Amino acid sequence: MADISTHEKPAEAAGTTLLSVRDLGKTYGAGPGEVEAIRSISFDVRAGELVCVVGPSGCGKTTLLKCLSGLLHPTSGSVALAGQAVVAPPKKMAVVFQEYGRSLYPWLSVRDNVGLPLKARRLPRGERDDAVRAALEEVGLGHALSTYPWQLSGGMQQRVAIARAIAYQPEVLVMDEPFAAVDAQTRADLEDLVRRVWQDLGVTVIFVTHDIDESVYLGERVLVLSSSPTVVQEDLAVDLPSERDQISTRALPRFTELRTHVHEQIQRAKRGDRTALPAT
Amino acid sequence: MTARVLGLLGILGFLVTWEVAALSGAVSRTYLPTASTTLLRLGRELTTPDFWVTLGDTVITWSAGLGIAVVAAIALGTVVGLVPFLQKATHSSVEFLRPIPSVAIIPLAVLVAGLSREAALMVVVYAPFWQVFVQVLHGVADVDPVAQDTARSYGLGRLDRLRHLVLPTALPYVITGFRLAASVALVLTITAELVIGNPGLGRQIELYRSAPDAPGLYALVLVTGGLGIVVNLATRMVERRLLRWHPSVRREEAL
Amino acid sequence: MRRIRLRPVLGALRTLGYAAGLPALALLAWALATDRSASLYFPPPATIADAFVETWFGPAFTEDVLPSLGRFAAGVLLSMVIGIVAGTAIGTTRWLRDLLEPMLEFFRAVPPVVLVPVLMLMLGVGDTMRIAVIVSGCVWPVLLNTVEGVRGVDTVLTETSRSYRVRGGLSLRYVVLPAASPQIMAGIRLCLSIGLILMVISEMFASSSGLGYRIVYFQRSFMIAQMWSGIVLLGLVGVAVAGLYGIAERRVLHWYHGMREVARG
């Protein structure tokens, strides 16, 4: 189990189920042309957890995420956040999309990009400015308030998107392959940023990725999805130390074991083998 | 499927609204005939040889004007586009001449050529010419310098480079310019007929107005709309056919 | 030191030469060609310049030019408001779009000038009719471009707005309209050039004042130099309108141009 002593939340809150997914299924279209993207997915996420969702490409990760965040209505089953059914984008959830270039508003400055959701929440101007500034400083972009997103590099744009999510002060932060389009060095920096934000703010994080190493390095827990139509192939606890480091953590024998395990699971998923491997 | 049904409903709704508005007498029937009267009149017009002669006049003026504009613009545009000196020297003049509304030269055209098709052509050629000319300049400027150097290093002559390099690069721009120019030329053709009075749909519309023969007037307005749609569809088809591969076809601005 | 300072001066001179050279040559050629022949239809530039000052720097400015420009401005502004409001409504409402699209395609295809006789019949001759003529022709490019622009907003952007609960007026003001603004501006550009044409035509047809009326009047009275001065004035108005549009566009779309420049590297 992860060391959660650094969280600001009280211990009992950290243990309760925050997000609950039950028999979630999604089929696109109807009749002969229908495509079953997700067959049946069930899992729970406790408050304060950092869960990585990993699976072979085309396994419906994005569909799952859109159902979680209330952007898409599932065909069957349900999603509940803090006991309330999710039928529209919930107030307590923020989403960071993969396509940072398309999810930031190019006509707004960095400040206004981060501030717009707060404006929608009718936060007074002064509080809004403070929250925006704090969030941008958290991601190391305190100096970039009045630049435009397209003037920044890809990695910095994704930082802005993360700042926007932080400023929104969500209880759940959902990230959809957020680093798929940035270079390796930037990616490592951003991974550490996510770990830090998670520890600093005590927020619950659901991180979707297709990168096995990333899922093991980041997560306290990894959900391995099968190929489409999707089910949960395995729910794996990551028992690595909570202080992680790009070089030493990745060099641990345990890291390699977990990585290999997830890798084999995904290979099996691709072959359509739905039975779980014995735990390592 | 439902979109098509809704679209038909929209057209039907428009006709019914028109009919009711005309019957209600809010506007005198002499000035606003009912939709049914207009459509019947349109049907009758379509069977008269006079109508087809008038339509033919318009089409001839339009195609002649468009043809002159396009040929002149491609020739001049290529020369100016290929010679940096000319491009720099003409830039300010082009920027000045282009936005001049083409109807401004109507009085001059009438003065020089009388109330004739030639006068109309002066007006019809002006705006489409600039439309295509500017597109040709963009197109020629778009030629990849690396490809240009490569061609030169392989000893391709001026003419060969023009044929194999400049022309294919500029083609999409020229076609787009042509499509825009075609509808602008149609608008100007009918404008010229209306104002100058050379034979064609525009003049017939003006005659029906002064008669006054409202059903005839409205019927011909419908015809001009139909003609506009035919020109749009035809030029867009040409564009799709020739430029299936080009990104500008995939995402175009509505005009 | 001196040489370094000379360079920008030379550069500026060269730019000026390129910008003014051809127009100056053309004027000179015109002056030479018209000097001896004394052609009736092509007066020398000096005569046109004289006529320009005499004709337009007097009561004609307030009686003809200003009313024309006023009607133009009123018609164009009205078209932009109607076009953007209706276009946004149609673009964001699926069934409305399906219902109206064929009709809109037709109205767009009707050459705007043929509505001059129609509106003359329906509204009589007057300022209302002239402004209505401008609106009836100018509203379509704005409206249709707004529909296209609003409909084409990137799905990732709309999903981002939805997930952050940016809705209603806020989403319209900060997301939908800015996203559609490049296309809306393209529509406005067309709206302006069509508006100028319709301003002139509506006055040529049925009016006793206005720029269009004046020019036709000069032509019919064989006041050739005055007619030319009118054409020059219309040209200047066209250039001024295009210039104003350019300034507005750079303001509104500065982010768009910046983004494209970055994309081009």
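Observations
Going by the order they are written in, the chains are A, B and C; count residues from 1 in each one.
Methods note: contacts are C-beta pairs under 8 Å (C-beta built on N, C-alpha and C of every residue); 3 or more make two chains touch, one makes a residue touch a chain.
Treat the numbers as computed from the prediction; the structure is a model and nothing was measured.
The minimal number of chain-to-chain contact steps leading from subunit A to subunit B is 2.
Chain centroids computed from C-alpha atoms place C closest to the centre of all protein C-alpha atoms shown. Relative to subunit B, the chain whose mean Cα position lies farthest away is A.
One simple way to say how far apart two chains are is to compare their mean CA positions; for subunit A and subunit B this gives 53 Å. Separating the centre of subunit A from that of subunit C, both taken as means of CA atoms, is a distance of 49 Å. Taking the mean of the C-alpha atoms as each chain's centre, subunit B and subunit C sit 18 Å apart. Subunit B meets subunit C in the complex at residues 2-3, 6-11, 13-14, 27, 31-32, 88-93, 95-108, 110-112, 183, 186-187, 190-191, 194-195, 201-202, 205-206, 208-209, 212, 214, 217-218, 220-221, 224-229, 231-232, 251, 253-255. Within the complex, the subunit A residues that touch subunit C are 66, 69-71, 89, 91, 93-95, 97, 99, 102-103, 105-108, 112, 116-117, 119-121, 148, 150-151, 164, 168. The part of subunit C that touches subunit B in the complex is made up of residues 18-23, 26, 41, 95, 98-103, 105-118, 120-122, 141, 144-145, 147-148, 152, 183, 186-187, 190, 193, 196-197, 200-201, 204-205, 212, 215-216, 218-219, 224, 227-228, 230-231, 234-235, 238-239, 241-242. Considering their complex, residues 154, 156-157, 159-160, 162-167, 170, 174-175, 178-179, 181, 255-256, 258-259, 262-263 of subunit C touch subunit A.
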